[in-house]
Amino acid sequence: MRPSHRAPDELRSVSLERGASKYAEGSCAVRFGSTHVLCTASLEERVPGWLRGSGEGWVTAEYGMLPRATGTRTQREVSSGRPSGRTQEIQRLIGRSLRAVVDRKALGERQITVDCDVIQADGGTRTAAITGAWVALSDCIAWMKARNMVRDGVLRDHVAAVSCGIFRGAPILDLDYAEDSEAETDANFVMTGTRGIIEVQGTAERTPFSRDEFTALVDLAEAGIGQLVELQKLAVS
Amino acid sequence: MRPSHRAPDELRSVSLERGASKYAEGSCAVRFGSTHVLCTASLEERVPGWLRGSGEGWVTAEYGMLPRATGTRTQREVSSGRPSGRTQEIQRLIGRSLRAVVDRKALGERQITVDCDVIQADGGTRTAAITGAWVALSDCIAWMKARNMVRDGVLRDHVAAVSCGIFRGAPILDLDYAEDSEAETDANFVMTGTRGIIEVQGTAERTPFSRDEFTALVDLAEAGIGQLVELQKLAVS
Amino acid sequence: MRPSHRAPDELRSVSLERGASKYAEGSCAVRFGSTHVLCTASLEERVPGWLRGSGEGWVTAEYGMLPRATGTRTQREVSSGRPSGRTQEIQRLIGRSLRAVVDRKALGERQITVDCDVIQADGGTRTAAITGAWVALSDCIAWMKARNMVRDGVLRDHVAAVSCGIFRGAPILDLDYAEDSEAETDANFVMTGTRGIIEVQGTAERTPFSRDEFTALVDLAEAGIGQLVELQKLAVS
Amino acid sequence: MRPSHRAPDELRSVSLERGASKYAEGSCAVRFGSTHVLCTASLEERVPGWLRGSGEGWVTAEYGMLPRATGTRTQREVSSGRPSGRTQEIQRLIGRSLRAVVDRKALGERQITVDCDVIQADGGTRTAAITGAWVALSDCIAWMKARNMVRDGVLRDHVAAVSCGIFRGAPILDLDYAEDSEAETDANFVMTGTRGIIEVQGTAERTPFSRDEFTALVDLAEAGIGQLVELQKLAVS
Amino acid sequence: MRPSHRAPDELRSVSLERGASKYAEGSCAVRFGSTHVLCTASLEERVPGWLRGSGEGWVTAEYGMLPRATGTRTQREVSSGRPSGRTQEIQRLIGRSLRAVVDRKALGERQITVDCDVIQADGGTRTAAITGAWVALSDCIAWMKARNMVRDGVLRDHVAAVSCGIFRGAPILDLDYAEDSEAETDANFVMTGTRGIIEVQGTAERTPFSRDEFTALVDLAEAGIGQLVELQKLAVS
Amino acid sequence: MRPSHRAPDELRSVSLERGASKYAEGSCAVRFGSTHVLCTASLEERVPGWLRGSGEGWVTAEYGMLPRATGTRTQREVSSGRPSGRTQEIQRLIGRSLRAVVDRKALGERQITVDCDVIQADGGTRTAAITGAWVALSDCIAWMKARNMVRDGVLRDHVAAVSCGIFRGAPILDLDYAEDSEAETDANFVMTGTRGIIEVQGTAERTPFSRDEFTALVDLAEAGIGQLVELQKLAVS
């Protein structure tokens, strides 16, 4: 029995609200249960130095969390003078995930920065962020198309992400904070709309896991990501 | 005529939504028109070093802005390794304003940190932040009272803030970004429910202003803060 | 009765010594009683990036304090890796004050940096700094005129500053450290030679102040700044 | 055909040299082909704050790379003032991997820090580091046992790591730099002596990969780690 | 012929003015020609962690330079976030020099920090700083003795410093900035009142120097330091 | 009697191993007894800003130490965010020493960075580093000559360094850590192949030293450096 009373393969209630920002070229307020993330896509007509003159664009992501997004207040990262290792790991993951479905030639020499700011955290912030970031990115590209800045084909596929874990010996989908704290194994999966794998990260928190357990997690993830992609389709249609 | 089509002494549409955070002891989502600030009050059973053993508590504030809260994306402060001078100025102002109406002996040896995070910015973020922070603080103290941690009298009065300015020669109240960019003079006022002055900051952006102009700004501010205090009363009742 | 035995509207003994530095294009050693500040104006043939090609110049200020300028030694700011919020607030105030009386077109595409370093502190360092900085700036511009780099009219007016406060219930002028520590209200005023207001900053340290009290402080400031401007005229003549 | 002329499932020449440091309680110079890493285990009689009084110990890792370990010189991390995101990701991975096989109760309230410094890099530095770090850790625990500081059972199993990838369409084991630069998919596996999975990290560099491809990589990793564990057994015997 | 028209073995005009600070326990404004340094000695009733409980005290020094102490303005060190290598080298040198003549047992468990701030620089700031720092330290210890905090014998000897160099082939004493910029070799000497050597630092700026040349520099330094010690005696008597 | 059982004028066993790095244009693994330093010379086709267009090149050095190079683990410098004063002092010394024997015109507008990383430390790391750095630099210049990038005459002379000290009253050569900790005086000498002095640094650790003692140290250094230069000649021949 999960603390959240969900079935092992049941996602939390998910919502994807487009146009959450007055200014951003694309934006999405994503909720996975009590985890709320604001994703904004900002377009800039410049690329990092190593791409100048290449004709290719860049998509990158930044991740942040409000100090009281969590049960106890955490210090602002600016106070310690640098993003934590965890923050950097997550923002690199989001950026890689989005770039895997973008045709950077078709984007042209421009940069899109997707900011994912966690307003409230209850586990799974990185997977909610990736799922919402895709909607913000999709909106930003639609914004560009409406202005004839790009043609079709910049965005090649969907990208969504979900966590799985072994909880009291059983594989479960989309862990909230209470479940995550107690899970033996925690894995995050990023996949495309066609179920191509973009990123797999599995970590044994306490005891090593077996290949069979790992296979069960991949099965859960595939099904969960299928549902998230359907919700993305509804959101952008 | 103001770009916002408001009368010179007219506030923007203001809303104060309590309980905006699942976790914080007190919270308020405040909106002054398109300026949205999330204020959360976090209680900690410890005080800064210089107050240990004094029996007195402390109230402090931190201020942040999401990167795409503004028309063009701004870099996260963590990227430059430290809060900007502007950020520090604002968070010190919010902290001083709140402390001016708190009986720190009655609070006891505890710290309340009020985080004011700007989700969307359209001018007047610091005055919206102060006005909302008071509601979050008030809620936090109510939370403590409900647990018999404090008695009545911790919060001695209301605190609210508003900006005024000289725009195309005329004094106006509660400037939005478009008005603020063009104003000759910009002033922020922080006052109590009984119209005691806590903080006055007036700056000539281009040309010095006269005493008469300054007096007109104080008049506008008194009236505007009167309305904000009424809205606070509604919000916490 | 003030600890300094001065009348409520009496300035400390003020001196403004030009040419205090062998190297700087303009300089002034200013003393407000035991508060000593060395102000040097440095001319550079370059402007910040956002002004390049605009034909306009820039005036900026930096503020520092020697570690033992104060009664107990304070740590160097370089030890903590960044200027404190207070330092940044003060140097932005000095810069704004000076720019308010400079014709930046007439200055041409150059930058003048006025460094204000507190050698000894006894209250009112920011107001002494502004008053002395104007003399250093005036000297620097005279230096440029002597070399036919600029014409008349770069410096449009005087700028001077003074603090006022409510001390044991009575408004007083130009507080020293002992008075400042005990004052209920502390206000700084920056005005021009024609008594135009450039900056007003009033803060209730403990209890809110009334409009009448605030009016009394403005009256004191106007008179005090009048005397400081006369001393500046003597210094640069 | 691999640039290294190795068979798809062939490790590079691997050596594990114990006692490489005169001072460290445990040490190992590990070589995976031209990738050379010096691993030293340092014992300290103190634990991080959150473990004080718990009776449990801690194992952590730090990772560094000499500036000219690589084909072109890279700037020292101290020059930018902080470890890069990549460095932090790797050192957290090494630490988690080692802790997964340590009985922290049996270790007692002490900390072992394993430093992994890359002297020369030719791909796979993190997997070589984990494999060598285990030997250094094992030696350090033997050093403690020889001094009756701990009993048997502190180290519950082996830990070794290897990379796999899809290179020109085929799954290969233990990629060197030339192979890694060209691979479509890059995955790192950390497993125990009994083939329990501790960490899986798979990333599509350009195109998503399929479940079948992923399964092939896991197969290669299991075999490769089996060989590495045998070499560890030889090294510590 | 020296640019300064001094004889090869001639010091600049030197003055040592005690009591230059209103607050410091000891202070000295030292001038070596146009090089002006303010030295203040601050007493604190605490020692660095490694000396706690040892019964021994500590003497340390910090060094700074005002931005326009030099011919062209230099950036404040706080702007780059850390003291430069040069600053650290100099402050460690001053600290070592002073500690060499202090009986730290007799001082007791206290720390004296001598701040040496360069108000104006014309070469030889570190040697002027050491020579003046000794006077400030001596005054501070006299201040303690007057309060019966220490007995005689804390300060065992004088310490003074001077620079020498090979300038157009000839050895000269106490180089000013113009001479220093052109010198082939630059050496700094720190000696006691009894001509014991505390520190020797000789550097070939362009071409190596011979033992004979080095011997000539030591001769000059001995004579120059003899004169500086006499001036110190006058200053503190 | 020395703890190392060496004669007063006896060097430790010294080895200079060229080609220690697969990638660097020049490299040398130097050992002075148990002090091991890896020196790599990296060539870049760019110079610091102030040399651009001058036709002259630059040689610089960086110095680092592995955390467990020493008897007890030291924190990585990146953890404190900046190189220590000691590190900066040493790397500036190495850079100056190498530049003293390089014809920077003949080098052309290029930079050679010599990294000296201490793998194991037992006293005298800076002198070992300079001695090995010269070999790495010499190799790098030979690499350039083999590619017709430079002609003869870039490297004008040898450079080597050694430490001396007064230990239990007697002058000794090349102190190891145990000797250095106990020495009254510590001096480092950098000389050329023709015994020209490049740098002399002598410091009294506890009691001042006399001119006679200092002369004895210079004698020891000359002899020791003579032997080191012979070893360099063997290494590069």
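Think of it as A, B, C, D, E and F in the order they're written, each chain with its own count starting at 1.
Basically, contacts are C-beta pairs under 8 Å (C-beta built on N, C-alpha and C of every residue); 3 or more make two chains touch, one makes a residue touch a chain.
In this text, all values refer to a predicted model and were calculated from it rather than measured experimentally.
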{"item": "Any chain in contact with chain B as well as chain C", "value": "none"}
{"item": "Touching both chain A and chain C (chains)", "value": "B"}
{"item": "From chain C, the most remote chain by mean C-alpha position", "value": "D"}
{"item": "Equivalent interface to B-C, taken from E-F, D-F or A-B so that over half of the residue contact pairs match", "value": "E-F"}
{"item": "Between chain F and chain C, distance of the C-alpha-averaged centres to the nearest whole Å", "value": "51"}
{"item": "Centre-of-Cα separation between chain E and chain A, whole angstrom", "value": "59"}
{"item": "Whole-Å gap between the CA centroids of chain A and chain D", "value": "28"}
{"item": "Chain C-chain E separation of Cα centroids, rounded to whole Å", "value": "33"}
{"item": "For chain E, residues that touch 2 or more chains besides their own", "value": "81-83"}
{"item": "Ring order of chains, beginning at chain E and proceeding to chain F", "value": "E, F, D, A, B, C"}
{"item": "Chain D partner contacts - residues on chain F that touch it in the complex", "value": "21-24, 27, 34, 38, 40, 42, 44, 62, 64, 66-73, 76-78, 81-83, 113, 115, 117, 119-120, 122"}
{"item": "Chain C-touching residues of chain B, taken from the complex the two chains share", "value": "81-83, 85, 88-89, 92, 96, 100, 157, 187, 191-192, 194, 196-204, 206-211, 214, 218"}
